[in-house]
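Multiple structures follow.
Okay, so chain A shows up in both of these, paired with chain B first and chain C after.
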Partner chain A sequence: MDIAYLSELAVNGALTGLLYSLFALGLVLIYKSSSVPNLAQGALTMLAAYVVLALSRQLGFPLWLAIAATTIIMFFAGLGVEKVALRRMAGRPIVMILMMTLGLDIFIRGSTLAVWGGTSRSMELGISYDPLFLGPILLSRINLAGAGVAIALFVAFLLFFRTRHGIRLRAISDDYIASWSIGISVEHGVALSWGMASVVAVASGVIWGEIQGVDQSLSQLLLKGLTVAVLGGLDSIAGAILAGIFLGVVENVGSSYLDSIVGGGSRDLIVAAVLIFTVMLRPHGLFGRHDIERV
Partner chain B sequence: MFYPLAGVRHQSYLSDSKLFPVPTDRNLLIVLTIAGIGAPFLLSSLYLNSYLQPWLIWTALALGLNLATGWAGQLHLGYAATMAVGAYAAVHAARFGIPWEFALLIGGLAASLIGSLFAFAALRVKGLYLAIVTLAMQFIMDWVLNHSPVISGGSHASLQSPRFALLGQEIASGRGLYYVALGWCALVTVFMMNLQRTALGRALVAVREKDYAAAILGVNSFYYKLIAFSTSSFIGGIGGALLVATFFFLAAPEQFGVNVSIQVLAMIIVGGLGSIIGTYFGVALILLMPGIANEILANAAALFRLPLGNETLAHIPTAVYGALIVIFLLVEPLGLGKLYANIRDYFLVWPFDQFKK
Partner chain C sequence: MKPEDVHKSGPILSMNSVEVLYNSVMLAIKGVSIEVPHGGMVALLGSNGAGKSTTLKAISGLLTAERGKVSRGEIRFDGNVIGDSLPQERVELGICHVIEGRRVFEHLTPDENLEAAAPMSLSRGRVASEKARIYDYFPRLGERKTSLAGYLSGGEQQMLAIGRALMTQPRLLMLDEPSLGLAPFLVAEIFEIIKRINRDHGLSVLLVEQNALAALDIVSHGYLIENGRVVMHDTAERLKANSDIQEFYLGGGQARSFHDIKHYRRRKRWLS
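Our next item is the complex of A and B:
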């Protein structure tokens, strides 16, 4: 295997990895503010992609308007999910919270498919499929565009956490009882983080929908997103970016070696193995906060 | 249903550890047992073998998971993986010519061995991280099953289960298979009922409530986590083997996917964590729900002439299933078992409500 092929695998893996980070960003935003692992993020991503398609195909919106409208719709959908389902779960055992997000995942996935059907459709963003040549390396245009969107969103969120609202959210994630006692509305902060996570779901839904088609498989990004989020530390945005790039490279390079040995399909195996090793060796991830438990 | 008691008050340790503090509970159980034994003579084979029998098998499975999650408090999202180990081990053993009694035991022990691996994860992490690790282990098991022709015959293949036989007697009739399921479910139920009365059961509950605190009291939490995972996997392994041997008649990797793990967890959440009677109710609700939802929907569509496509009809049960989990967690987090307990406690002191304990 020559160095050019290897670097092509690595660069493309890193670009795909940034898209995993984009998905994981939604998980991180919610976990940061409320310590809820949102297993429904995959279903939200899928719902967002379907809503974009419904607005542009069934109502005839231009695509950019459909995406903008979906962003607003999903923001309020996120607020609604938090208000109806998750707010009352605060303080319950983790098994209940996990099961709630799993139930939401099944419910959102089932109703989306019941309304729009499960046949795969294409997003048609208008980005050409011709590869881009960077010296000897071939790059996929959509992955490049997606990585650009991902980086733009990361920068936007890093800047957001320096604004007044962002500082409130950081205070909530640090210690919500203390923030409560100094007059920060924890409920609003948590609801805002759900809204933002749903907006992130629109971005990742549109880009992943363009890459692999809009169907049920969008919700199965959850395992990869979860792996990235855990590896980066569940409450660290910078960690999610680095972990995404790491997972993308390891998965792309590793599977090209392993596939010939085990006969294909080793990507999922690598992802699951990374997840297990992360949790067993360093549960709080690369950059996550290490919580100390007291009796 | 009348309870001629004004509350339950224990005056000795012996009465506190009785299996049935309330005689009516025991009488009710006797009636139910007789109904269970008599069911084949009352019901048509359709109800017997496509409703009652899977209900009993899945209840035994869900009780196994309830041991790990409800009693010992260990989140387990990889239960279907242990079911798969048990099922494949038992079917391979039976195909090799080992009698089914021993094949089932081999399945249970193999599942128990693999299931203990989950306990080593539980030693290191807990709560959310344990759930994530068990989920990842489930995905790895799916992958292994789909990619190793030695075990499963390859990805879209299925493995024919040999004819089921116990004590040299071949069991092929619907009634016989039903009694096998009933016997196994009764065995697991009696085990779980007695578990609550033993030191082991109390230690499991102590570990669930707070493992550090349990360790301070002298309860070795790793030892009991290991016991919880291996016992629950043993029950899961034999249950998975019985599911294949008496209900599906062939083993395929799709029968033990991650959605099955989530489904069993949903059964015990809807039924109630740590509740035996609740597990029975929860399994019934989750198993029957798709059929009922489809029936109602098809009737409503015909009645109101709703233009519902096939795809809509196919996916609505999934949505209802998800909604059921969400609604139960919001309305009654302790599940159907708690609802039953509320009714029972009401009648326990009725009509002397002033004695309510």
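Our next item is the complex of A and C:
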């Protein structure tokens, strides 16, 4: 295999990886505030894509307006889910909260299937599929555009966490009882993180919907997203970015080697291996917080 | 054994026969009544498990975080019943509780710890001047304001926890065992600063301590709580002179032998 082909695989893998990171960003936001991986994040992503399509196809909104409106709708839907389903779970064992998010996932998948059926729809963002060459390297335009959106969102959130509201959210993720003791509304903080994760779901739903079509399989992004979030340490945005790029590159390069040996299907094996080895060898991920211990 | 001073404008805090239940079954305090006068400093003393922290949590509303509930009695702040309002509503009223064990935000810098506690209604400029005021009281914090709070020493963390509480602009500051695990000179330093803030700003203070010696040096009154009940209430001077207190509490909070504690409890029942 020559170096040009290898770098093409790596660059495209990195771009796809940034889109995994984008998905994982939603998981990280909720994990930071409530220490639970949101198993409904894939379903939320799919729901966002369906809402965009419903607004643009069924109600005839221009696409940009449909996306903007969906962002607002999903933000409030996120707040609502937290208030209705999660808030009453405060103080319960984490595994019960996890099961609640699983219940939400099943509920959203079931409802979207009932409303919009199982056929795949296309997003039709209007991005051209003509090849784009960077020197000898062939790039996908949609992946490039998606990676741009992902990076813009990462920067926005990194800046947000330096504002006063953002600092309060980080305080909640450090110690919610201490947060209460100084008058931080932990409930509102957690709700805000659900709202923000739902907004991230819109971005990732639109981009992934364009890439692979809008259907039930969109919700299965959860598995790769979780792998990336775990590898990145679950509570670190920077970790999610680097872990996504890492997974994308390893998956793309690795599968092109392995597929010729095992005859296809090695992508999932590589993702599984990354997840399993992370949990075994680095349970805090690459960038997760250890509890600070002073000597 | 009532304190002789007259409260001019009524107490800033009064608790009347308050009972607290945890998990609907465990009665942790059994009718506690205490008062803190405006601008006063009052200590709440007692040994392990007496119900000191529970009393503070009932006042700050943090009981809800532990499935605890005020099942009887009432708590008044500035004359108004606080009922079962949320912790953040009580902070807005001016009650701030520095919880046991420091609990700074370890992954935030001291500067961010202080900022997290500033009410959102304060302007940027006010937040900066309030932070400057805290660093003025605790110069050691100012020197370390950009390292992670988790790496500060125990004393610095306690200072940060107090400074963080002051950022909420309290009128009643409640401190839960601020001396825990600190060297005596640090305890003296921190208590001196609390005393100064009390003097400068008329901040009312309710101080929970096992370290009775240090506490009685800075407060005007003290309550002794044992087994969920107030068993003694007097001026600091008289508490210090009291032979029971001297015998069992003025040791400075070291672990006492089981024999001593039992002996004490027996006497307490007899006294009360």
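Going forward, the second predicted complex is superposed on the first by the 290 of 295 C-alpha atoms of A that agree within 3 Å, B and C clash if a C-alpha of one lies under 4 Å from a C-alpha of the other, contacts with A are read in each partner's own complex, and residues count from 1 in each chain.
The criterion applied here is as follows: a contact is a pair of C-beta atoms (placed from the backbone, for glycine too) under 8 Å apart; a residue touches a chain by one contact, two chains touch by 3 or more.
The model shown is predicted, which means the values in this text are computed figures rather than measured ones.
When the two complexes are overlaid on chain A, chain B and chain C sit side by side with no clash. In the superposition on chain A, A:265 makes contact with chain B only, while chain C stays out of contact range. In the superposed pair of complexes, A:98 makes contact with chain B only, with no contact to chain C.
In the overlay built on the shared chain, the residue A:60 is in contact with neither chain B nor chain C.
Of the two partners chain B and chain C, more chain A residues are in touch with B.
Of the two partner chains placed by the overlay, only chain B lies in contact with A:279; chain C stays clear of it. Looking at the shared chain after the overlay, A:117 reaches chain B, while chain C stays out of its contact range. Overlay on chain A (Cα): least separation between chain B and chain C is 14 Å. Residues of chain A that touch chain C in their complex: 91, 164-165, 167-168, 170-171, 173-185, 289, 291-292, 294. Only residues 37, 85, 88-89, 92, 94-96, 98-100, 102-111, 113-115, 117-119, 223, 226, 230, 262-263, 265, 268-269, 271-273, 275-276, 279-280, 283, 293, 295 of chain A touch chain B when the two sit together in their complex. Against chain A, in their complex, chain C makes its touches with residues 60-62, 65, 67, 86-88, 91-92, 96-99, 103-108, 112-113, 115-120, 127, 148, 150-151, 153, 164-165, 167-168. Of all residues in chain B, those touching chain A in their complex are 69, 73, 75, 121, 124-125, 127-129, 131-133, 135-137, 139-140, 143, 146-147, 210, 212-213, 216, 262, 265-266, 269, 273, 309, 311-312, 315-326, 329-330, 333.
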